[in-house]
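Two complexes follow with chain A in common, the first pairing it with chain B and the second with chain C.
Right after this comes the complex of A and B.
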């Protein structure tokens, strides 16, 4: 019996191209039925790992187990893994129906089975009316939905999505992001979603795996990673945190006698309205030097008398200051977190 | 006003002169092919289609046509089986190889036929390999530039690596993915390339004539021989060649324009 916590198990994966090691001793497990995001900057090796799992890059060292089976030496067409490309990779000469039916036809399913499966899938992605359209006649979001349906109709053990939203406009991105999450939950498919957008990863994932320069930095739930980053890279990449040393904290009058190391303060924890009870709170005073209204939220920066720039944010509705004002912000001292 | 009038008429006049320059010999050749006698007179003495009968009745006509066909079909097959997979691989997976192929494909233009034949005779002349095979391979190499360029353009439009890999992830084999996904999407470029290859091989003269020293008489060699013995019959053959190339050109134009229409839709 396969442990569902280790549905996909990658152990000691090493990948080199032309003598350069791009993936260094990478090991991780993925639970069955979850959506895991690979998050990291461009060039961190996310897509390379994805291609190794899919069998599109077979020159690697290490072990890849899927559902208890070692798949490292299997061809891509023997793995039962679906993959969605950033470019959609739809077949331009085939209609929406024929694109989705491609894999079923390869499996030599009967006409009736193909008709039913594709029609059902078209209903799931909301493109029943577009079944006879060619990819060239669809919008970017519609094309990506067809690409997702084409893979999902085969009920793959694992579905890999390689930056599937990056070519889309902001509104469509959010819509499709939520749809992907809905498909995943309704169909119970295990998915890996590659992105360099931390908001996207946070919004969609059960689990997030952060990569940098071919190495795993941290794996955990989105909330856990955001609240407790283990490395400076994660703290810097995942949120807009204030990163301070023990000396900085002392100078700002927040806490004294901290052990050496680096500390983070999340910007949304700095409150510009004085709390009713100041017990356990410290205040930071400074001049507002940056102010950005982002719809429902406001991001701003204070310059303190010590010369530190402190980033903070709040909801838009009760903001009572403007640029160049001198204000105080309040922080629960217990919320200051040491990195690592 | 006067300048405007010149602007309007001068280009037309130039085009008409060029058309007369290009079409004149063809029209003259056609008239010569249907004339009884046309020597030292402005117009032929009479008209006849007998030279068409004379040419088709010549026992060398059909064999030489078949030889040209064999040569062209063999070259097309080699192009399909050898060059097509290499150009696909270079375009999709190996851009460095694509660069080398580009330079390699220019070589046949820069080496004169006579130099090529001399090199071929010295290099392969003594090998126990049929010379016809070497000739077919050489003409295939000469056809590479046109074929390479036609396919190169076809590979530029879409993400062929993604499509090829996607087809495999959907359960297809490499060969199946190539046949079912890659080939239909380069159809127009492939057809243009193959037709150009066919016509180049079918009408090749210099290398075939020198390398096989006239032992393998193709239609083109037969045509040049005929010019020395029967000018009228040679004119008939020239007209047949012209019609054949015209049909190929028409098909090419149809393929290219049908591709444009599908893009607009």
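Right after this comes the complex of A and C.
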């Protein structure tokens, strides 16, 4: 019986191009019915892994099990996996209806079945009125919704989304990202979402898998990864953390006698308003040298007497300081985390 | 006077002098006898005498064959080029641009040097006992088709290369992930997208072959008759000089081309819709 925790199981995946190993002994499991993000910078190998799972890159070593079946040697059209491309890859000569119906026609479904399935899917993506439009007459967001519908209508076991929001404007990205999450929850499809945008990954995912240079850095829930990064790469990539050594911590008067290593302090944990009870808190004093108002949030940096730059952020209300002011910020000492 | 009118006026003047007036004169002259009076005899001559009917048939036949062969090779060639490295593609396109212009007398003589009676291919065929090559005559219909293919293929590749380059690899990958195999993808996506370009290219290749004069003349003289060869003979007097008859033949030539272009455009517009 298939364990739903190992719905997709990739073991010891190695991929090389022209003698260069781009994926190094990668192993991970994905739970059924979840949305997992592959997060990492450009060139980290996210898309390469996705293409291997889809069967579009078949020169690899390792095992890929989907729903208990070894799919490593199956052709892409035998895997029952859907894939969404960054460039939408809609067929320009087919209408919205025909694009969505494409896979059903391959399966030789009856006309009535196709009509019903596509009409239902058009309603899900909210494009019923655009069924006879050609892709060229749709906006970027609409095109990507059609591409998603084209895959979802086949009820794939797994849906792979390769940076599906990258070509869209900021507002549409947020809208479509929420829609993708809604489709995933409503239809219960297992999805893998590739992105290099940590905010996007955090917002949408049940699980995040962080990759760097072809290797898995960390896998876990968005909250867990953000709060407890295991490597400096993860800490640096997913948040704007303050990274300090044991010596730095001592100089700042935060804690003494720490073991060697690197520590992080999340900027939003530094409070500019003095807590009512200072028990367990430490204070950092410095001059505000940077201040950026980002709508509802404010990011600022303090330069301490020891020359350290400490990043902090708070909500954009009751701000009682401005640039060049000398202020104190407070931090629960227990929130200082050692990395690794 | 608006800038559009300023541009339109000289352009119209050039069109009038260079194209419209000559066509009007040609059509009118086709209905005149040698004495200048109105007559339909030029057309009755063309459609009743075997010599002229043969010229029309030959022109249509050789253009059709050369057009189809050129088109098939061009489709394969253009597709093959899109698979090469970008730099190689650019070099090949420059070469094909040059090759597309290599027609007429220079091409005919190049082919005579290779395939003529005293040519390299004949010598090799005799030395190596290659029968089919030894029997091949560049001065025959097959020879003419070979010559036409030489300048039709580069032209066809140039016309088909750009639309084929627009075919995205992701379309194939998307189709495969949706369960399609290669032939289903070609039938449902590639052919419908490329068909208008293929039809357009065929019309151009056919028209190009129909209008070819120098290559055929250099290879066969007046031994092989076609519409351009007969028009040339009627004008330069190597047959019996008869300009009105030449004009009638040229009018038929223009009508065939106009019908082909109109039918082609109709099909293309329907496909593009």
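Definition applied: the second predicted complex is superposed on the first by the 340 of 340 C-alpha atoms of A that agree within 3 Å, B and C clash if a C-alpha of one lies under 4 Å from a C-alpha of the other, contacts with A are read in each partner's own complex, and residues count from 1 in each chain.
Note that in this section a contact is a pair of C-beta atoms (placed from the backbone, for glycine too) under 8 Å apart; a residue touches a chain by one contact, two chains touch by 3 or more.
Model, not experiment: these values are computed from the prediction.
Undergrad: Could you classify chain B and chain C on chain A, in the superposed arrangement, as clash or fit?
TA: clash
Undergrad: Applying the touch criterion given at the start, work out whether A:151 contacts chain B, chain C, both or neither, answering first, second, both or neither.
TA: both
Undergrad: Would you sort A:188 into first (chain B), second (chain C), both or neither based on which partner it touches?
TA: In the superposition, A:188 contacts neither chain B nor chain C.
Undergrad: Look at A:261 in the shared chain and tell me whether it touches chain B only, chain C only, both, or neither; answer first, second, both or neither.
TA: A:261: touches no partner chain.
Undergrad: Once chain A of both complexes is superposed, is A:89 in touch with chain B (first), chain C (second), both, or neither?
TA: both
Undergrad: Who does A:275 touch here: chain B (first), chain C (second), both, or neither?
TA: It touches nothing on chain B or chain C.
Undergrad: Can you list the residues of chain A that meet both chain B and chain C?
TA: In chain A, residues 54, 56, 75-77, 81-83, 85, 87, 89-93, 102-103, 106-107, 150-151, 154 are touched by chain B and also by chain C.
Undergrad: Within the complex, which stretch of chain C touches chain A?
TA: Per the stated touch rule, the residues are 168, 170-171, 173-181, 184, 188-189, 192-193.
Undergrad: So in the complex, which bits of chain B are touching chain A?
TA: Answer in residue numbers: 158-159, 162-163, 165-173, 176, 181, 184-185, 187, 263, 265.
Undergrad: Mind listing the chain A positions that touch chain C in their complex?
TA: Listed in rising order, the residues are 54-56, 75-77, 81-83, 85, 87, 89-94, 102-103, 105-107, 147, 150-151, 154.
Undergrad: Quick one: in the complex, what on chain A touches chain B?
TA: 54, 56, 75-77, 81-83, 85, 87-93, 102-103, 106-107, 134, 136-137, 150-151, 154
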